[in-house]
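Across the two complexes that follow, subunit A remains constant while its partner is subunit B and subsequently subunit C.
After this line comes the complex of A and B, so read on.
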């Protein structure tokens, strides 16, 4: 099991967060803290790069809905990028694709933000 | 990936149930565990022993299933308990975070000693559909949403301080359970898997 890692970089006004390893109840508070900090700074355009993610738990996904809604309330959004097929199947099964937008390329995800 | 078999194996007597979790306990393999546990609770089994020695972690839904068993054992007519043994420091933190260490009898690796002896490995049987890697294709969306909602409600019943932690998820699941719309048609444009086309600036 790979250790959970988060790396953040800026793409203009959009924050790109790379996730690696398992996003479970044990590791989620780290992402939660990072997202809270970004929102406190008024940065509501966020992409989560999931290409190196091995696992995501149900509570983590549920909490991401809350962050996405919070971002949208401030005319931003939180989008998922390059989600591995196995994780996408879980997201789709749980119906989260209705509220969390998932993209396969960074370019299209960036373009989808209304006011980056 | 290691070669260890992942999943939930079980053994029961007329009064005791033994459960071993190898790999992750998730919303996927929580469903067969719930079915198995409810059947045995109905038959009068009142002592549940859950071995987490090979458990790499549990998601909130799986913990909600365990909480449901623990809550059921507290109801009138039951006099047993759920005993969680061989709990790693990582898993005890999860249990404590959700207040479940007060609902369960918890035995931490290197800290507590259990006097209970588990049956030998050969007496355990693997629960069908309990390998989370293989199960997601066979799950029904509505049943899964109902199941997850029940599990998270159990966590809130076990400790009301859990309510705000799961409020976004439970709100979503409640809406989903009441949602009568048919499933989305399959996507063929994979550039954006689910975003509305008109969101471009």
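After this line comes the complex of A and C, so read on.
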């Protein structure tokens, strides 16, 4: 069992947030608080590095959609990076990849932001 | 608070019984028990992930709604818990999840199509639809004596 951890770093105008452990209804408020702070600061370009993520539940996925919508309303976006295959299969099957953009490398994700 | 240390796991007559406090900290431990068991039964990893998510959605609903929605309900249960009873029958994994929280008319609830909700960028309301999509049977019953019981069934042959 890995404890849920969040680490944040800046890549120019883009905020890269590394997630580790399980993102469920118990741990999600910590990420929610961090994203709210970023948006209050006007930082709407966000990448979530999911490579160390073990699990994500619907509370987390639904909220990520909400944050992506908020970011897009401000010409930004929230994108997922390096999603483990086990999690990707689930979110693709459910249809979340229809609105959440997922990238395999940081370079491609960074390039996808219109105004990095 | 050490809620995780309060999780009780027992095996008896071919069934696994899990009792956990109604707290978000319990969710990870419940998922670990379920995924370990599903792998032992022989489900492929893609199906293990679906079972894990369905059970997590059920237990998250209990934590979020069953005991918190009504203060008058909470006082009757000063030490609320989630109770799981898991067993196999032929090629079926049967997971029963029980609580004594607020009753919810599960069978009548129709949250609509998941993809439509996603396209509309709705931030919630996915849990029950996910359970129905990922499990072969989802059945809810509630009575005053036994509380609320959600029965989730996954068939190995369909996997």
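We adopt the following convention: the second predicted complex is superposed on the first by the 116 of 116 C-alpha atoms of A that agree within 3 Å, B and C clash if a C-alpha of one lies under 4 Å from a C-alpha of the other, contacts with A are read in each partner's own complex, and residues count from 1 in each chain.
Following the convention adopted for this analysis, a residue touches a chain if its C-beta (ideal position, glycine included) is under 8 Å from a C-beta of that chain, and two chains touch if they have at least 3 such contacts.
What you see is a predicted model; the values in this text were computed from it and never measured.
Asks: Let's test your reading of the overlay: on subunit A, do subunit B and subunit C clash or fit side by side?
Replies: After superposition on subunit A, which the two structures share, subunit B runs into subunit C.
Asks: Taking the superposition as given, does A:95 touch the first partner, subunit B, the second, subunit C, both, or neither?
Replies: Both: A:95 reaches subunit B and subunit C.
Asks: Looking at subunit A, does subunit C or subunit B touch more of its residues?
Replies: Touched residues of subunit A are more numerous for B.
Asks: By the touch definition at the top of the document, which applies to A:24: first (subunit B), second (subunit C), both, or neither?
Replies: After superposing on A, A:24 lies in contact with both subunit B and subunit C.
Asks: Examine A:15 and indicate which partner it touches, taking first as subunit B and second as subunit C; both and neither are also allowed.
Replies: In the superposition, A:15 touches no partner, neither subunit B nor subunit C.
Asks: Do any residues of subunit A touch both subunit B and subunit C, and if so, which are they?
Replies: 1, 22, 24-26, 55, 57-59, 61-63, 65-66, 69, 86, 89-90, 94-96, 98-99
Asks: Within their complex, state which residues of subunit A touch subunit C.
Replies: So the residues of subunit A touching subunit C come out as 1, 22, 24-27, 55, 57-59, 61-63, 65-66, 68-69, 86-87, 89-90, 94-96, 98-99.
Asks: If we count contacts the way the header does, which residues on subunit C are in touch with subunit A in the complex?
Replies: It is residues 23-25, 27-29, 31-32, 45-46, 49-50, 52-53, 56-57, 60, 63-64, 114-115, 118-119, 121-127, 130, 133 of subunit C that touch subunit A.
Asks: Residue numbers of subunit B touching subunit A in their complex, please.
Replies: Those in contact with subunit A are residues 24, 26-27, 56-61, 90, 93-94, 97, 133, 136-137, 139, 141, 144-145, 148, 165-170, 172-173, 176, 184, 190-195, 199-201.
Asks: Given the complex with subunit B, which residues does subunit A contribute to the contact?
Replies: My answer: residues 1, 22, 24-26, 55, 57-59, 61-63, 65-66, 69, 79, 83, 86, 88-90, 93-105, 108-109, 111-116.
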